[in-house]
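Chains: A, B, C and D, in written order; residue numbering restarts at 1 for each.
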Amino acid sequence: MCRWLTYCGDPIYLDTVIFEKTNSLIHQSLNARHSHVTTNGDGFGVGWYAERNTPGVFRDILPAWNDSNLRSITHQIRSGLFFAHVRASTGTATSRANCHPFHHGKWLFMHNGQVGGYASVRRRLEARVADRYYTHRLGTTDSELIFYLMLSEGLDRDPIGALTRALAHVDEAMRAQSVSEPLRFTAVFSDGHHIYSVRHASDDRPPSLFWREQGQERLVVSEPLDDEGGGWQEVPAGHVLVTERRGGMEMLPLALPAAAAV
Amino acid sequence: MCRWLTYCGDPIYLDTVIFEKTNSLIHQSLNARHSHVTTNGDGFGVGWYAERNTPGVFRDILPAWNDSNLRSITHQIRSGLFFAHVRASTGTATSRANCHPFHHGKWLFMHNGQVGGYASVRRRLEARVADRYYTHRLGTTDSELIFYLMLSEGLDRDPIGALTRALAHVDEAMRAQSVSEPLRFTAVFSDGHHIYSVRHASDDRPPSLFWREQGQERLVVSEPLDDEGGGWQEVPAGHVLVTERRGGMEMLPLALPAAAAV
Amino acid sequence: MCRWLTYCGDPIYLDTVIFEKTNSLIHQSLNARHSHVTTNGDGFGVGWYAERNTPGVFRDILPAWNDSNLRSITHQIRSGLFFAHVRASTGTATSRANCHPFHHGKWLFMHNGQVGGYASVRRRLEARVADRYYTHRLGTTDSELIFYLMLSEGLDRDPIGALTRALAHVDEAMRAQSVSEPLRFTAVFSDGHHIYSVRHASDDRPPSLFWREQGQERLVVSEPLDDEGGGWQEVPAGHVLVTERRGGMEMLPLALPAAAAV
Amino acid sequence: MCRWLTYCGDPIYLDTVIFEKTNSLIHQSLNARHSHVTTNGDGFGVGWYAERNTPGVFRDILPAWNDSNLRSITHQIRSGLFFAHVRASTGTATSRANCHPFHHGKWLFMHNGQVGGYASVRRRLEARVADRYYTHRLGTTDSELIFYLMLSEGLDRDPIGALTRALAHVDEAMRAQSVSEPLRFTAVFSDGHHIYSVRHASDDRPPSLFWREQGQERLVVSEPLDDEGGGWQEVPAGHVLVTERRGGMEMLPLALPAAAAV
């Protein structure tokens, strides 16, 4: 499992929550507490919204804890909405193209989980990606594929609908191949104005997803960042937490179409 | 354009022809003579047949000329049949998964050229790759894709037929998309016993391909390695040079099926 | 020889001068015009002053022209004073620790040239670095060594004096070892408020150094960036151009102590 | 603490003991049992003696567990005497130049432990390295420094004497700086014919060191490789185990000169 966080609030330097806190993301990457994966040394990435139309992205394949570039960049860059991710590979290669967050236009996307029987459904799902997005697929992961499926399904104009349709396609492809392993999909994506935090699985074990609101600051994380009192709440399975950057938060049930309807 | 060589003959240390000669492959990678690409700094790879059933492969994304690992490994490893490649990207990302030579089972493959309108035909061609090979596609290049097309078309049992059918599929896909850019395909592939050196283009400008036989030593190269007397011969466009590792060499015309027949 | 630029003026996105101009730094790194080194593929670096007390630094060992991180970061970051550097190694290893610009506290430093007979004078010069700086030496280059010599000689309180004394120590060490190769030293360094651009050699061939002022914008470069009209002026050998960030420019002769006085 | 092994015996493919065993070195690098460091993701290296006069070395800064090059190379290369190392940094940078094993001429060297107060004694010790070795120092670690001290003290003609004198110099420098942290030094080095396995500390906690002899096969490891029956013996603190490649083994006390005599 990968570990990650999304920050939304007053602009802060990225290193504040990535490096400095006692149980910061980097600390977690070295020493898992809530999960059973021993290490997250298979690359990292940060994505942030600043003044440009598109977010910045910095990804590399070294362990995050020792990367001098990551340390310097996150010390300099200030953002009111950013993603940070440390990767533990579930089988695909360690390359920059397979590191999260993925980005396209104004969108950032990161994912925890896996598509059961990915090898057997990969091509069927790739066939559903629109041509204009497929040319941007640089890696080989299921995560990037679902992101391009969502874009193909109209992420720009109907984010939750696109998410729902993409997951339905995955479900359909897995059924068509009689895949018995589950789909596990916990993800966060953003267009710079809204943050969509999803927790879903086809079985009863969706990867964990927590959030906390403290004043202006909202954090969405794969695991709680520290033990000081907390205030962490869990996103329930089968739900999407929609956070408006300068507005409210709303918890919606994820309404997947019935299999027959796909 | 990339630069490369294939060696076949008595086992020698790889660095003999990769580093040591005045106009060695590494020297060429720094300073092009016969082509107009200024540098080949986008990764490199070597593949060699030794005593195992499968070839060894070492690829990295640094410029070859400064890589201490490449220098040490090629100083230690001795082989009677090996490939070496330095890459100049034509657009796809610099990652290990996009470096040549590609390998699968007993096969090594490297390629110079490009599929015209690749973005528009990529998916159609990926759909033709057999499932059992597609799961091994790690990168995004047209080169790797043609290699898996060839494997899907029966490379193991009918190498030249598989090559021909793969190229016909590429031609068909390009026609279907009304691609006006040419297919240029100069490649070498081997199963450890035979070396197939192909020079082909849909227009009149196939990338260069030369070979030389000196006693037991055969070299196939993208460009002649030195100017000492030479003895280099050009593989004619539309031909395959088949070299038996411990036998003869044969130049065959490449018989592509007529477009209509595809 | 390496290539680089220093920008000073109204804050701009770094990619404006690094990637976008026709004869931008990256374009130059692929295709030398004014020098005879064929390629600058041995790493790169950028350093920039923003709102923090110390500059940001991003360095990597891949060729700059293909680095997606460099492209994204320089597209996002805006600065009124920054350095960019592409490296062609003169012998030392390709590692991040050997990439320019070097940084310490508020200082950035980059260098073109070499210390003649470096291997024979390295230790004598390292012995002159103050303890508190020596612990920060991460690499093995002559460039980094001169930077720490300058810091040891009081760069913070007397920049030009520290530069002069450091060069005198180098000269002295080379004489003591009867080194016949020249010292060539063209460098730019800054504390975020002043930029010091130095051109010096012990023979008559100091590496090139140009500058241009257009309105608020000042550029200092190893080679002119484009051919549109120009306005480039050469820093004369044996001189330092001192640029006040929000003030004037002054050309000072570099007064090295006589050898006997060292 | 780093983890490593040295193999001596009939030539075997390197991957046999590096990847294949249940509790292989790579498995250990992911999941520590006997130590409290959580991960060894800060680079790796292998060194091997084959037919050349000097050993081959392959080092990289990625986590070993995911490196396709390491997997392929160790699958192809067969050796009767080789080193393998996975690194957990104790503070110095992650770069190839800081990865073990270090090599010079016929020698390989790898080390576990650290020089107490390294920053304060580094220069005094570097001053003791002979000029002809110092030019080869590529990194900044205490490990590489001790290796070059040993070479300077005559490793070629008197290995154990050179080791002893080098450790005495370290001890002396630490005393001169009144360093209170201990010297911990567990190391293995070889000239291709003899293997010297040392366990030493200035306090009572030298890093662990085990060995096993099974028929022709001798292994020296930082931690036992598996639990099947075992046969592992510990090298006592303050001892050197000398293994003749095609001969016997001898356990010698490490006779450090008295501090006063240094």
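Here are a few things to note about the model shown:
We take it that a residue touches a chain if its C-beta (ideal position, glycine included) is under 8 Å from a C-beta of that chain, and two chains touch if they have at least 3 such contacts.
Everything numeric here is computed off the predicted structure, so don't read it as measured data.
Of the two chain pairs considered here, B-D and C-D, the higher C-beta contact count falls to B-D. Comparing the contact residues of subunit A and subunit D by number shows a mostly shared set, over half of all numbers used being common to the two copies. Inter-chain centre distance (subunit B to subunit D, centres taken as mean C-alpha positions): 40 Å.
Distance from the subunit C centre to the subunit D centre is 38 Å, each centre being the mean of its Cα atoms. For subunit C, residues that reach two or more other chains under the stated contact definition are 68, 93, 96. With chains as nodes and touching pairs as edges, the resulting graph is complete, every pair of chains being joined. Remark: subunit A residues 93, 95-97, 119-120, 122-123, 126-127, 131, 134-135, 137-140 touch subunit B in the complex.
The part of subunit B that touches subunit C in the complex is made up of residues 30-31, 38-39, 41-42, 61-63, 66, 68, 89, 93-94. For subunit D in complex with subunit B, the residues that touch the partner chain are 13, 48, 50-52, 54, 56-60, 68-69, 72-73, 75-78, 96.
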